[in-house]
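Naming follows writing order (A, B, C and D), and every chain is counted from residue 1.
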Amino acid sequence: ACSGTTREDGESDRDAGAGASSTATADPNAPLAEDLAVAFLPKQVNNPYFTVADEGGHAAVEEFGGEYKEVGPSEASASSQVSYLNTLAQQHTDVIVTSANDPNAVCGALNSARSAGARVVTFDSDASPECRDLFVNQATAEDIARTQIELIAEEIGGSGQIAILSATPNATNQNAWIELMQQELEKPEYAGIELVTVAYGNDEDEKSFQETQGLLSSYPDLAGIISPTTVGLAAAARYLSGSEYGGRVALTGLGTPDQMREFVHDGTVAQFALWDPADLGYLAAYAGAALASGQITGAEGETFTAGELGEYTIGADGEIVLGPPTIFTADNIDDYAF
Amino acid sequence: MAGSAIAPPLLHLRDVTKSFGPVAAVRGVSLPLYPGEAHALVGENGAGKSTLVKMLAGVHRPDAGHVELDGRPVALADPAAARAAGIAVIHQEPTLFPDLTVAENIFMGRQPTGRLGRIDRAAMEGAAARLFARLGVALDPGRQARGLSIADQQLTEIAKALSVDARVFVMDEPTAALSGIEAERLFSVTRGLCERGAAVLFISHRFEEVFALCRRVTVLRDGRLVSTGLVADVTVDTVVRRMVGREVSALYPREPGAGAARGEVVLDVRGLGRRGVFEDISFTVRAGEIVALAGLVGAGRSEVVRAVFGVDRHDAGEVRVRGRRLPPGSPAAAVAAGLALVPEDRRRQGLVMELSVQRNAALTRLRHLARLGLLSARRERRFAAEWAGRLRVRHGGLGDPVGTLSGGNQQKLVLAKWLATGPRVLIVDEPTRGIDVGSKAEVHRIISRLAAEGLAVLMVSSELPEVLGMADRVLVMREGRITAELPRAEATEESVMFAATGQREVRA
Amino acid sequence: MTAADAHSSPASPDARAAQNASPSPAPPASGAPPAGGRAPGPSGGRRGAARLGAARETGVLLALLLLVAGTTLANSRFLSAQSVKDILLGAAVMVVLAAGQTLVVVTRNIDLSVGSVLGLAAFATGKLFVAQPGAPLPLALLVGLALGAACGLLNGALIAAARVPALVITLGTLYVFRGLDHSWASGEQINAADMPHGFLDFGTATVLGVPVLALIAAAVLLAVGVFLGSYRTGRELYAIGSEPTAARLSGIRVGRRVFLAFVISGALAGLAGVLHAARFGTVDATVGTGMELQVVAAVVVGGVAIFGGSGTAYGAALGALLLTTIGSALTVLRVDPFWQQAVDGGLILAAICLDRVLALRGTRRARAKEAPHGA
Amino acid sequence: MAHDTLYASRPRRARRARRAAGPGPLRPLLRWDGAVGLALLLVALGAALLVDGFATAGNVRFLLLDAVAVALVALPMTLVVVTGEIDLSVASALGLCSAVMGRLWVAGLPLELIVVLAVALGAVLGAVNGLFVTAFALPSLAVTIGTLAAYRGLAFVVLGDDAVADFPFEWTDAVAGTLPGGAVPWAMLLTALLAVAFGVLLHGTPFGRGLYAMGNNAEAAAFAGIRVARAKFWLFVASGATSGLAGVFWTLRYASARADNGQGLELSVVAAVLLGGVSIFGGRGTLPGVFFGVLLLATLRNALQLADVPADTLDIVTGSLLIASVVVPNAIARARARPATGRAAPAGEPTAPPRQERPEREDTEDAPA
């Protein structure tokens, strides 16, 4: 799960009414149920990333003949998500696929929905494990962290100062990755690389601009920046391409090909990574359908088939990993559109 | 005055009628204004004078009847239209822009412009300064209008009207806040306007002004025209009788020595000072005594009483009420100690215009009207009705916003609200500003009676006859200091004016 | 600032309220009554008023200079050409918005929908380039202006025709415009690759080292400043904000003027949207979210009285510059990110307090000078 | 007092005047609160008939739980806005109290004590606002925009990116618990009781009367001996304390103490207060109106969500409702005024006081061409 969100993750008191399924047995050969009502509840609707992911989910639901809908708040807040979860519970939704704004705050509502018969799959950003059935992880945090360190090391020639431009200081994913990146940097092959600071652009263009600028003036010898967030990476790229630093400071991180195409072509960014969000949604939808159809219960080691993506195995804590991130460069970027 | 009765009227109101809901403010009034003469409009408070003015100003549209200019009907749809038709209006209540300079207030929308249509500030301030020179006042055109005293506001309004190149001047109680000197200057300017062929409609509750300035006088009662004719044909008494519909008892009903039964010192002001405004103000007021604070406009009288009451802070000195020192800057403490202040600016300081008559009346007595901390609407209503009745406040209903009352009736309501507190010291600042003769006599009688009953009264007034007629003792202020203290016997127009101006030869 | 302020205002809360109450709740500085401009010296009050007016902007300017000086001491690169250019670029959008907001605020109104209008215009710009990759730059600017003006038109029409408080209407249209933006975009994002190079270069181009965006903002500011300061219509806006009743009585077409202010504010928000798109190269439906409060903060910090009637566009622009610079300075000083927002809020408070103290000082000195007998 | 002559009563006049007064102070109450209450009733009825799953105990419970925080904060906000001020820092104060609550829980304090401390902290935060607004005479809009940033920032300073989530089950469960029947949460009942208390304070006491007076004309209120600054100061304290309480509720309801709790709530509160008929310029509005306004917004949102209306449409509906809430009554008032020709002009113009940009009382002249 995502680390570091609770002071004392402690024994949870709150899975009381939930998870009747955990005692049931899986029937790997059960057919996918017809007419499943599948609802996608992203952190925030109309967020381009989730729009792509949910469209992937939509495609999956069409494939197995379910009923798809996307609901969610227009601002990324846990309380509005709770309100939507309650609504979904009232509507007797079969499968809820969600990305949690706050792993704990949505817990009660998720469990209520599960008591009302819904199966809950989280994707992108997990809720506390005891209040969901499965978590579809885009890539393991270790993979993500390692990939980005590898990319930046290659860019700056293995030594020099680097900085991280993250989203908000309390973004769960980002913090988990940053922690792992710091561990990764302790490896001997990266001895020449010094992580000087972590800046937070709050996933706002303006703030990310300002932070990038601040990094560059505070650390004149900065060789590279990692921005493990799409908004931050695009903003930093745009800033670099329009300033005197363009081409002198390396930049990589997580971004979408559409956003980065311009900057890869103009040489500001040589390479960056991401998974295909559509695949993520697609996999989450199939995982939910498999749960609802009784193919799986969420226990470690169970397997199911996610349409054209093939077979997946459930890992520890009910986690499914989409796969290693894709690396985009000038050579392959034009093959992708999302 | 060059007007001749044969000339056709410049402006003619024909059978105009205006009601506000159930209140018929003006009913079928016809009024001709002839070029070259001043026409007085008199009537009790609430008779409909200001409503008539507002129809000329384009603020209200008549429900029936119309206005003719040069014999042709004109539609005065809004204030801009009225101005375009050559009508300049001084409203009863000054309405200035507090954030703008005095000069800008005067020329708003008509500022002189220079290159590229940009405003020429120097020219504008020069023009304003010339206007003030004509009125004989030293008001700085470049200062902000915020903080101008009521009199200065009124003077600015006058300057604004004069700055318009108008043929008809409508003046709604322009002198209410002015002392004799400024009023006299206004009259000479007005006579000049008449000589140039302008028509003037002049409203005042002071008959000496009406008789000194106007050629014709029209009397309104309850929105109806009672009489109209030449001033030469009437006397003050006939006009008053027509206005009020009955005989009015004497003004200033205070016999010499009425306050003989003076009690202990109730209000004791020692060395009071506020930097830049007034300094070293010391006086006492005894129970049963009426002390007047006289002086020219801007002498600082209002500032002193505001500081005594605690709405302004003073930098020096102290105020004691029956020996107990008042904490500075706390009107609430002053009220608790038995002080009441009827302020000079009723719109800003005296009343809350959006609230109803009832709520305004009860505002100072809320704690007494509450039982167990809760107010009862019934008690409040009874209380308000009682006090509105005592001061003969004319209003449509107790639930109506107080802004719908006529100016004089608003003033009476402010008095009512403070008398209701049963104060030990009553401070009144221009208590009869804008009040008609009948009510004025009533107010004077009330104040005298209260004094006779042991109340200590401190009265600020710019009306010298009122000061001389009412006061047991007159304190005169000039430029922020007390320059004379005159017992009733020594207080004359001469002596007061001398102390107020420092010059011997001034006529009030 | 606390001590100084407390010292300069010995009044009990009650008396203070009384002093400041007329005729509208006291905005910073304007609540202090300038002492009488009567007999003692006609020009005293005038000079006092002028000094007061100056003090308004001086306060903000002083705060700005202190901030820049302090930050530069800590990190000399804060004043490097690139850094100054960045600050100017960052402030450009805000200055345009602040100039528009000033027009509205001096009329005792407020436009909370600017953030949403900016977002809508930015997205429209993106859409325009997606549909017409060859569209010329002036066309984009025109589209932004026109779209913004249309939004302002709606605001203005509702406010002026229906005679209802602007805060309610624009809070409503804040939601409505944003909702429209979201429906239109439905999750789409327009990226740098979708926009022509000419447009993107426009976002970073400089003339003699000064960013073009900043020049545009300066031109807008100058136009608004001169309009407000020296034209009849501009002065009428102040009159309306100072005393709406009196404005109507003196024949000012209040409805039309307020309407005009909203249309201009909307148009400038639209323009700001285009500038925003040019600068960041990425737009989606969330652009400009929450910007309205920043703009209002900038305007208020810049000494524009929130209850109308006083303040200048230049002050508001200084306020915008100050707030942007605070953001940059905190970043450059590498203030702990968790502390940044707290410090930001504290600095806003400090700035308005400083403004207040300077204003009070000004009045006190003016009053002392006019004391009757040289007291 | 000895002035019996003047102070003797005149019953006949009094009675006549009373009759003339009509329903007086009740009139606005009937008009506006009634309208919002009616709208609430209609929306609820319509939703019950048309939207599946709306009229269930479970749904009503969620609806009311979602409304509690906004309702709580809206109560003192109503009073604050009636005096002509505004407090935009409420949501940040809520967040800071929530963050501190989490920090204290981690430190091992008993929850009873923490709740008290959180509310007390809220009061202190409110007092800071009050001090800036009254003693330093700064505009509350500016001050609370500043503290909006400052308090939220402090919340992050206190708790950083952590979330504290291990509050005891009894507490988190109790907060979401309901009265017998399962529809009405205890929390909402308490909020309603608090609303009654604030309502009586505003509408039935001298203190409340004074708030209207100062909202309309602070100078006249001060001249009448009302302690304007003191009243405002305590209202800001009340606003802060209630935000603290809302912070406690929020933390336990979502079992999560976080620095960003309640972000953006201030606009919802202001929207509800305005919808409830409170004039943003002060001096007008009623508490029942606001309470109904909060419930109306919550009900509408819930019903539309159940009906699968997308979020952007929801925003458009909320915004339009807000606009309609001021435009429609104004249009009706004007339409009603037109036949009786006389009503064309506003009350007392030009004698009306400066701040009179009110709906309903505006005149018709000078509309834009």
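Going forward, contacts are C-beta pairs under 8 Å (C-beta built on N, C-alpha and C of every residue); 3 or more make two chains touch, one makes a residue touch a chain.
In this text, all values refer to a predicted model and were calculated from it rather than measured experimentally.
Work out which chains are contact partners of both chain B and chain C.
Of all the chains present, those in contact with both chain B and chain C are D.
I need the chain pair with the most C-beta contacts, please.
That would be the chain pair C-D.
Starting from the mean Cα coordinates of chain A and chain B, work out the distance between those two points in Å.
Here the centre of chain B sits 74 Å away from the centre of chain A.
Measuring from the mean C-alpha position of chain C to the mean C-alpha position of chain D, what distance in angstrom results?
Distance between chain centres, rounded to whole Å: 28 Å.
Could you please state the distance in Å, as a whole number, between where the Cα atoms of chain A are centred and where those of chain D are centred?
Roughly 38 Å, centre to centre.
Do you know which chain C residues sit against two or more other chains?
Only 12, 14-15, 18, 22-23, 178-179, 182, 243, 245-246, 248-249, 253, 305, 337-338 qualify.
If a residue has to touch 2 or more other chains to count, which residues of chain D qualify?
In chain D, residues 156, 160, 217, 219-223, 227, 264, 310-312, 314-315, 349-350, 352-353, 356, 358, 365-366 touch at least two other chains, as defined above.
Please output the residue numbers of chain A that touch at least 2 other chains, ranges allowed.
45-46, 74-75, 169
Dump the list of chain pairs that touch, please.
Touching chain pairs, listed by label, are A-C, A-D, B-C, B-D, C-D.
Please name which positions on chain D make contact with chain C in the complex.
84-85, 88, 132, 134-139, 141-143, 145-154, 156-157, 160, 214, 217-223, 227-230, 232-233, 264, 267, 270-271, 274, 279-282, 310-316, 318-323, 325-327, 330-331, 349-350, 352-359, 362-363, 365-369
Show which residues of chain C lie in contact with chain A when the two form their complex.
Its residues touching chain A are 75, 77-78, 80, 82-83, 86, 90, 178-179, 182, 185-189, 191-193, 200, 203-204, 280-282, 284-287, 289, 327-328, 331-332, 334, 337-338.
Residue numbers of chain A touching chain C in their complex, please.
My answer: residues 45-48, 50-52, 74-75, 169, 197-200, 205-207, 209-211, 213-218, 220, 231, 234-235, 237-238, 241-245, 258-263, 265.
Spell out the part of chain C that touches chain B in their complex, as residue ranges.
Those residues of chain C that touch chain B are 10-12, 14-15, 18-19, 22-23, 30, 33-40, 42-46, 48-50, 226, 230-232, 235-236, 238-239, 241-243, 245-253, 305, 308-310, 367-373, 375.
For the complex, which residues does chain B have touching chain D?
Touching chain D: residues 18-21, 54, 59-61, 63, 77-78, 91-93, 95, 309, 311, 330-332, 334-336, 341, 343, 347-356, 358-359, 362-364, 366-367, 369-370, 373-375, 377, 381-382, 384-386, 388-390, 395-405, 407, 410, 417, 419, 422, 446, 449-450, 453-455 of chain B.
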